[in-house]
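Two complexes are shown next, each including subunit A; its partner changes from subunit B in the first to subunit C in the second.
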Partner chain A sequence: MSAIVDLVLGIVTSIGGFVEAGSISTAAQAGSEFGLQLLWAIAAATVMLALLVEMSGRLAAVSRRSLAAAVRERFGVHFQIVPLTAELLIDVLLLAAEIGGAAIAVKLLTGIGFQWWILPIGLVAWLVLWLCQFGVIEYGLGLLGLVTLAFVAAAWKLEPNVSAVGASLIPSLPTHHHTRYAFLAVSILGATVSPYLLNFYASGSIEEKLNESELWVNRTTAYVGMCFGGVVSMGALVTSAAVLQPRHIVVDSYEQAALMFVPAFGRWAVTLFAASLGIGCFGAAVELALNAGYTFAQVFGWSWGANKPRREAARFTAAFTIVLLASVAVGLIGFDPLRLTMLSVALTVVIMPLVVLPFLVLMNDEKYVKKHTSGVIGNAFLALLTVLGALLALVVVPLELLGG
Partner chain B sequence: MRLRYCFAGPVLQRLRAGSWIVLAAAAIAAAGCSREDERLQQHREKFESLGSSARVIGEAWLAGSTSGTYTSSALEQTFLLVEKERSTLASSPDALVDSRGAELSQAAERLSRLIAAMTRDVRAADAASVRLHVASIPIKPAESQ
Partner chain C sequence: MNLVRDLLDKALVDRNGRDMGRVDRVVLDIRDGAPPRVAALEVGPAVLAHRLAPLAGRWAAALEHAFGVDEGRPLRIPVRDLLGIEDHVKVDLAFGDTAAATIEQRLRRWVGAIPRSS
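For the complex of A and B:
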């Protein structure tokens, strides 16, 4: 019975926790600029994420090690310094973007400049991390995140052409703005498959004491939860394509993105958009900061765990506090949160091979996963997608930054 | 043989080198023109998007779908984006020398002033004035012009 409850909660919170600044902004921009044409990118990225998340849960359940700890043990701390540094830099940028997204959500409701909300939101995130146990963080924020189902409801109400939606799941080339199209495809991949999610999911599985006999719970949660989460992201793209593209609105700010809810929800539009953006971003910010604590503690062999009293995991607590402070500082500089989000999700794809490729090696090492090694086809697919994504990102990110 | 002789002649050699230079210059100029056209088109699309945003924001407020707080904040943001795009356009003298660029710059300035006026009207809850300004937004998507 407990496993069933865990399963349902896991799926529901995966759906609620799926959408954040990256997925909302990339889906809104993709929909407004290319209509439904980039729907395939969300589908591909979601499949990739589901496979990777299932693997990280399997690694944790079988080996009782998180991804960061297992990589350190298998490849040595010297090997890990490069991916660790790259991942932490990207995490600080992503965290700043998430805090910025949450601040914009408050601005949409209050009209007070988003910079004024950066520090209070950072403080609330820290308080949640300081006061709450893992279950409250994971399930509480995940359940609140169900408000993001508003994207699916909006898409449903707008009655999109189902055959056009289905056809968009097959990749196709655009007739114009090829660089921008490639940049958005890369950004969707980066926004969906954030490397931090892998270690976060593995660490969470250890916190929840998932074991080898419950691998089916892990598998079902990963596949079902992530696929439904992907549907929420697709809902954002479909809504944007249905509302913004015909009006020739290209999303350059969250204020413009909020307009996508107006035809579907009328006077509740901005409130629902702000709630979806705010809760999605805040949840992701808490997870990112917590994962920074996990990663530092696991790499350097410190005591860690959101369920432990903070005194027993002082360096873990200090790590997430410092990363949170660094991100708040970046946010206070005054970067446009939407631009920061787009930049950080695109850069995520550049560093993805550093995280994913060692992980795939681990998933074929019987010392860690015993008989539960991964299949050749799945591994080859993930390795190929990761390397291709990174190569594409290396080409299009500089082009996009230099103005195409 | 004759071809070889021609190419071997010093005058024709110079001519050949000269023609390559002319060709290269023409190619660079053509690429420059096409790049300039592309840049102008990008500016136009951006202004169209911002003009359209201002119109939709205004219409949503007039329909009672959005609050005054959101509307004025969204218009302010749109205004900032228009100003940013205008300064990018103005930073390219070649674009402003081009008659299309100059026309676009003037239309963008009108858009900027209209959005500023709309923001003031929304704060004053002056629906009639907002309606008037929404109707006169200068940069519109091609189909609706």
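For the complex of A and C:
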């Protein structure tokens, strides 16, 4: 019975926690600029995320180690230092972008400039981390995040052409703006498959005491939860394509993205968009900060856990506090949250091979996962998409930054 | 035993199963005409940083000194204190009695001063 409850909660919170600043901004921009044409990128990235998340849970359940801890043990600190540093730097940027996204959401509701909300949102995120145990953080924020189903409801109300939606799941080349198209495809990949999610999911599985006999719960949660979560992201793209593209509205701010809800929800459009953006971004911000604490503690062998009194894991607590403070400081500099988000998610793809490829090695090492090694097809798909994505990102990110 | 694979960078726990850190360096005893022997394990950020670059190690040690947490650090654990090597490296010490706990204990005083920390 407990396993069934865990399964349902896991799936529901995966759906509620799927959408955040990166997925909303990339889907809104892709839809407004290329219609439905980039829907395949969300589908591919979602399959990739589901496979990786399932692997993270499997690693944790069988080896009782998170990804960060296993990489340190298996590959040593000389190997780990570069991807770890890159990932933490990008996580600080992503966290600043999530806090910025939540601040924009409050601005949409209050009319008061978003910069004024950066510090209060950072403080509330820290209070959640200080006061709440893992279950409350994960399930509470995930359940609140179900408001993001508004993207699916909006897409449904707009009655998109089902055959056009289906056809968009097959990759195709655009007739114009090839670099921008490639940049958005890369950004969608980076927004969906954030490397922090892998360590966060593994750490959460350890916090929840997932064991080898519950691998089916992990598998079902990962595949079903992530795939339905991907549908929410697709809802954002379909809504943007149906509303913004015909009106030639190109999304260069969250305020413009909010317009996509107007035909579906009328006077509730801004409120619903702000709630979806705000809760999605806030949930991701809390998870990112918590994962920073997990990562430091696991790499250095400190006591860690959101279920432990904060005093009992003081270095872990200090680590997530410092990372949160650093991100609030970046947010207070005043970068445009949307641009910061797009930069962070694109850079994520550049470092992805450094995270995913060692992970694949671990998942084929029987010392860690015993008989539960990964299959050839999954390994090949993940390795191919990771390397192709990174190569594409290395080409298009500089071009986009120079051009933009 | 392969020292790099089976010992270096492994999690270190005390006799009560408390996290003490990771094996940041393995100290070997090298004598003429005899095979090298593991003499001790070392734990601490300065040791870890030194492995990456000697300059980084000196900076880390200087930082520890500046913050007044360098006494007895890095922690050197003689090989006779090893209880076993399985998933973790277990040693016959109590974490709180060693210099590995200095920073944790210092931070606990600060964290403990904030309401609802325990």
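A few notes on this one:
As a convention for this text, the second predicted complex is superposed on the first by the 403 of 404 C-alpha atoms of A that agree within 3 Å, B and C clash if a C-alpha of one lies under 4 Å from a C-alpha of the other, contacts with A are read in each partner's own complex, and residues count from 1 in each chain.
By definition in this document, a contact is a pair of C-beta atoms (placed from the backbone, for glycine too) under 8 Å apart; a residue touches a chain by one contact, two chains touch by 3 or more.
The model shown is predicted, which means the values in this text are computed figures rather than measured ones.
After overlaying the two complexes on the shared chain, residue contacts for A:H78 are found with subunit C alone; subunit B is out of touch. By the touch criterion defined above, A:K107 lies against subunit B but remains apart from subunit C after alignment on the C-alpha atoms of chain A.
Of the two partner chains placed around the shared chain by superposition, subunit C is the only one that A:E312 touches, whereas subunit B remains out of contact.
Legend: residue contacts after superposition of the two complexes on their common chain; A:P398 is shown touching neither subunit B nor subunit C. Note for the complex: subunit A touches subunit B at residues 107-111, 247-250, 252-253, 255-256, 258-259, 262, 266-267, 269-270, 404.
Contact residues on subunit A toward subunit C in their complex (touch as defined above): 64, 69, 72-73, 76-78, 81, 130-131, 299-304, 309-312, 314-315, 317-318.
Residue ranges of subunit B in contact with subunit A, taken from their complex: 42, 45-46, 48-50, 52-53, 56-57, 60, 63-67, 69-70, 72-74, 77-78, 81, 141.
On the side of subunit C, the complex with subunit A involves touching residues 4, 8-12, 18-22, 24, 45, 48, 51-52, 87, 103-104, 107-108, 110-112, 114, 116-118.
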